[in-house]
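Presented below are the structures under discussion, each in the form of structure tokens.
Each of the two complexes below includes chain A, the first together with chain B, the second together with chain C.
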Partner chain A sequence: MTNSFQVNSKEISKIKTTSKREKDFRIKNLNFFNKNGFPNKRHEDWKFSDLREIIYKNFKKLNTKNTSVKVKKINFIKDFDHNYVAIVNGELHSSNFKFEDKNKIKIKIFKNKNFSQENESNPLICLNHALANKGYHLEIKDNYKFKKTVIIYNLFTKDLKDSILNSRNKIKVGKNSELHTIDFIINESKHKFVNNVYENVALANNAVYKNICIQKDKSQGYFHKFSKNQLLSKSKYSTFIFPSGLRFNKLDLEFNLEGKDSECNLQSASFLNKDDHQEIKTKMNHLAPNCKSYQRVKNVLSSDGKGVYQGKIYVKNIAQKTDAYQLSKAMILSDNSEFDSKPELEIYADDVKCSHGSTSGKVDEDAIHYLMTRGLDKKESTKLLINGFLNEVIEMIKSNSVKNFVKGKLKKQIYGY
Partner chain B sequence: MKNENINHNQDYKYGFTTDIESIKAPKGLSEKTIRFISKIKKEPKWMLDWRLKAFNRLKFLKEPDWQKPKFPKIDYQDLYYYSAPKGMTDKPKNLNEVDPKLIETYNKLGIPLNEQKKLSGVAVDAVFDSVSVATTFKDELTKKGIIFCPISEAIQKHSDLVKKYLGSVIPISDHYFATLNSAVFTDGSFVYIPPNTRCPMELSTYFRINASETGQFERTLIIADKGSYVSYLEGCTAPMRDENQLHAANVELIALDDAEIKYSTVQNWYPGDKNGVGGIYNFVTKRGACRGKNSKISWTQVETGSAITWKYPSCILQGDNSIGEFYSIAITNNHQKADTGTKMIHLGKNTKSKIISKGISAGKADNTYRGLVDIGRKALNSRNYTQCDSLLMGNKCGAHTVPYIKNKNSSSTIEHEATTSKINEEQLFYCNQRGLDQEEAVSLIVNGFCKDVLQQLPMEFAVEAQKLVGISLEGSVG
Partner chain C sequence: MLEIKNLTASINNRDILKGLNISIKPGELHAIMGPNGSGKSTLANVLSGKNGYKISGEIRYEGKDLKEMSVDKRAQKGIFLAFQYPIEIPGVNTNNFLKTSLNKVRKARGEKEIDTMSFLKLLKEKSSELGIDEKMMSRQLNLGFSGGEKKKNEILQMKILKPNFVILDETDSGLDIDALKIVANGVNSYRDKKKSFLVITHYQRLLDYIKPDFVHVLSDGKIVKSGCMELAEELEKKGYNKIK
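Then we have the complex of A and B:
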């Protein structure tokens, strides 16, 4: 099937629209998607991940049906105290901020009010613009620092099959406020489905936002997330991405460092095994002077896993004194796995420090030899080295309880190797 | 022929035109033009058919538009595809028969055409507009069995070699400009080095576009047979004009078992004036194939000229243990735009490649490194090292790096590094303190920045290139 997957415009009339403007916006975007279909490798941004081919190969049919949202029980993490937001199939289900001052927090179902987005060339974003009608909106008022982490449980139910979910989320952190979140993905569906998310994070002056994204188990999901992030003066954004275990996962992250002295830090460590395909695409836009950005992406590839990193640093001519760095490292364990990278620099200011490094190669034979002389077998030595390779990123997490939690999850993945 | 110098740009010393009558093909791109070129070159039928095949293919192709430098649409019907100094339709036998004005031109350019002078012992093939003017040192080379002649001559005399290798690295259906070249190429150099021969001297070609409204489409084919070695130099200049001229060359290199080709270019086409008027569009396709085991191809380029440079000298590493190298300096000033880099395609086992690229951007120029390193599934134990450094002068220019890196097996290693920075203030201060003025200091520092690449150039070129580096950046400081 899916050679020409089209969404009927009737789907839009099923969505409750508030204005004609909204309806027109949705129809315009749907038409764009229907005309272009899923992006393929002729699209520069999809050069290394031909989604059209992947979808055609793996899906016989696709639907955009809104599935029922009935969840009996969510298995909360018991390792440490936390607040939570539960999202089921993209829809806001429940939330609890028992450790915090509730007056400072606003959470509601996301309502889009901005229909003036410029033309998008990514058909998946257009599809999201057209169909998304669920998601959450989390707002933190000025001068409030969270006491405990917020875990955002992303639950996908058993009955999901061949569907495309479209949702939109927004997080706003006020002046001098601080928020830490963990996106925790629990997938109960044994079937294939597509999850397409559009996310906005806006940090006001001096705000701090830290985020960790992690997967509970291996799953059959095909995920695409576009995230547009705004950083105002002196704000700090840091994100850790540990998203192994999805059949397809593309994270398209755009950071706009709009305020002076803002900082962005992106770290990722993943172990990609059989049938895993993961792409991290970043666009770091340095638009104001004196900003810092740091990106480090580490991949271990085994079996027929495929990893892609497309990173771009853009420095506007007024963004002097920019300090930007990009590093991608890949360890390739099997001849069937592949790592592609495109670390790009586009620089228009002269007083800057911008550099990138990208390496890919095999496991260090000397190190393996050393470990084997100490009595480990080859497999154990390799595992130990993989662990060390990826742990470098995990060690950057400050909270010990969260660190141990992440370590445990990663260990589980590696030991499957 | 237009003869006035429109610009009074003192920096470009090759901006003169030579007043020589020329024969031109009918204006425009058509089958008629191609037949005219083929006829005037006295080409065999297979060559004409080959050109027409390319021309037919061209009708279905579109100009590429993915590259960073955008340029106004070229009117292909408004160009002359063949322009030859009069009297060149019959080849001169020796230098005495060549128009003295032409010789004068080449003397102005500093090219040792005159055999008696034997200045630097470099064998030269000079291409003026569309035809090869003179080739020196022929006898000495012939003794060794080396063929070094205009490609139009090779098509007639060595047609079996040309037929076998022409288009084998750059197929006629490759992309728009390569196909255009295949249809209308006028001349260029042909080199064949027989097995186990080391070419005793540097071979060199000088290209010059003289006539206005002409495009230059030369084609170079170099074949290094088993166990041979050749070093080849290429230099380019053009008069100053306020119009844009097109230069779309194809260069194919073939290295068989244990052969080595070293290809060096100093490209100094007219870059346009300070306001970005005029200049050459340099859209060149250069590709080398390491066909044999242990073969090696090394590209070195110094790109200082042209309004827009757009070229990616590439290596296809087919043979086991073959080596590809790419050393590049690209300097852009004023409104120049350069989008250049390389492709290293690893197919054979134990193949190695090395890329060193230095980009310097000043004025309102844009400088892009764009490169591909692709290590295939079967290219076991392959290795690549890439280093791209960019230097920015002022905040109106841009420096960009766009590397594509693909690794498809577990025994190969790829390393890539890139940095962007400006000239170190402390170094400048130190030089100033020692009595160098600002421009001298910048020139010195930039030369140091480029040292890794300059070292790869043959002696004759290295000196010229160093000077060029300084001249190209004049007026960019302060």
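Then we have the complex of A and C:
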């Protein structure tokens, strides 16, 4: 990328393309990005997160070069047995499904075959469409329930500096199958870089997918992820997001409840400190009757931390008996921190239950006083309350070993407070 | 143990305590009775170090100026307040909180931190004395506890933290007669020559079970009458209006 963050079209000729259609698709998307640049607050979807300003402030240039890196060793989690997929700088590195029936699982490097002419208005998605040439494609065949969790190690190497990575992933869970994954982000780079991901998850009839997303440590990453998720009849999708630890993080999540009786559950707990900026944007599209969705987003904001939650529930006219719920709670510890919440309901069916709530407030002084009368100092009391506030989400995780693992990681993030 | 001289306290420009004097020696149990709005809870709050009050006068605890001490330091030095309305704290596990609290107090006393096994043993012993179901201890702090459970939990904390000076703020309110007896027994078994108590209550009922050495009547921010148990009995018969 040049100084004005434009991408030279030569970059596309460096990517191995299989067809003219693919090349045209990439060029079309690149042109869109170059014309519009990084989105700024004038875009409605970005009004609380002016990415252009953030990029200009923190980067002088960005390299789009995709250099392959050899990784000697990945520090695997020892807390519990698991399968794994290792991704290094967005690229599929290795995988191991030793606890499973390997005939039921397909994993390969992602190859895009969908060059739809649909006009995309998010410049970051266009940039991804133009440049992404790595990522993974995981497919679970019908009627297979995973015995152990799959940890997806997302490793970012030391040599990443002023880079922008574009990758694309896809997960497909077959009929009556069940998959649990943990996205575990390990960032070894001490420098600033951008990671831009496009993700697809497709759940067939009666499939169950559970996911947890968490960072190992604090890092200098600027992350954007767009995720498009399809839920067919009676499928269940549950995701727990613990996204803090990055300098910038925007998760743009779209769920399409296309099959009747499908269910989606999204919960998030974050601790945002210093200059952290994080946005969760969801679009819960109820497109079929009798579906359920539940969203709960909790944020604790300290010093100059900024958090955003834009949650939209859309109910199509045929989606009768929809049960949709959305709740945002923020605890604000400093006068300099900021939390923006924008709930939206768009309902075209008449027999539905939709509710939303949003609260933000300071830490409860009476609770602090109570804890202090038991000998804890102010900081310890506050930490205990932060922990308690976020723990409500973690407590919903069923597996004890995973719950404790997540608790430990989150505690470490709060410890710095 | 505790020496209060000419204590005044106001909040939001409203005077609540208007020159209160009291002296409590080691081993003594003082009861403070008074009508609604007389300043009883304010006195408990001020002694615990709660923010927001404008205070003048003298409060000395074991010879030291209490006003200079932060809330947590007071607790570490052995002051304990059993709250009238214990706060519900979601997400905080009762067990973990109590262990953290005990270790803070032990550390301040120059004792070694207690390990988890010994702590659980201690917890089991003390909760069975108060008839507390152990399962309650793995719940979130005070969350969804009944009135009686909350008050018992306060007394349990007292027994575990082993303070020298205990303030009981209307601990009897919201208790049925069986729970009242258990709580009173908990307090009585903790009394000895070194420990002092300040018991704040509306009714004589609690004092039938916890025998005070002295009874004071608080009215409009001042102690208007002091005496022994007979004073409490008189109050019960005649009401607060007749005593002044």
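The rule we apply is simple: the second predicted complex is superposed on the first by the 413 of 417 C-alpha atoms of A that agree within 3 Å, B and C clash if a C-alpha of one lies under 4 Å from a C-alpha of the other, contacts with A are read in each partner's own complex, and residues count from 1 in each chain.
Convention: a residue touches a chain if its C-beta (ideal position, glycine included) is under 8 Å from a C-beta of that chain, and two chains touch if they have at least 3 such contacts.
These numbers come from a predicted model, not from an experiment.
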{"item": "First, second, both or neither for A:G375, with chain B first and chain C second", "value": "second"}
{"item": "First (chain B), second (chain C), both or neither touched by A:D162", "value": "neither"}
{"item": "Most chain A residues touched (candidates chain B, chain C)", "value": "B"}
{"item": "Partner chain in contact with A:L384 - chain B first, chain C second, else both or neither", "value": "second"}
{"item": "Touched partner set for A:E392, first chain B, second chain C, both or neither", "value": "second"}
{"item": "Contacts of A:D275 with chain B and chain C, given as first, second, both or neither", "value": "neither"}
{"item": "Chain B versus chain C as contact partner of A:E178, first or second or both or neither", "value": "neither"}
{"item": "Common ground on chain A, meaning residues reached by chain C in one complex and by chain B in the other", "value": "none"}
{"item": "Chain B residues touching chain A - in the complex, by the definition given at the top", "value": "66, 377, 390, 392-422"}
{"item": "Interfacial residue positions of chain A with respect to chain B in the complex", "value": "44, 47-48, 317-318, 320, 330, 332-335, 337-362"}
{"item": "Chain C-touching residues of chain A, taken from the complex the two chains share", "value": "364-367, 369-378, 380, 384-385, 387-392, 395"}
{"item": "Chain C to chain A touching residues, read off their complex", "value": "48-51, 70-72, 74-76, 80-81, 83, 86-87, 89-92, 97, 100-101, 104-105, 108, 140, 157, 161"}
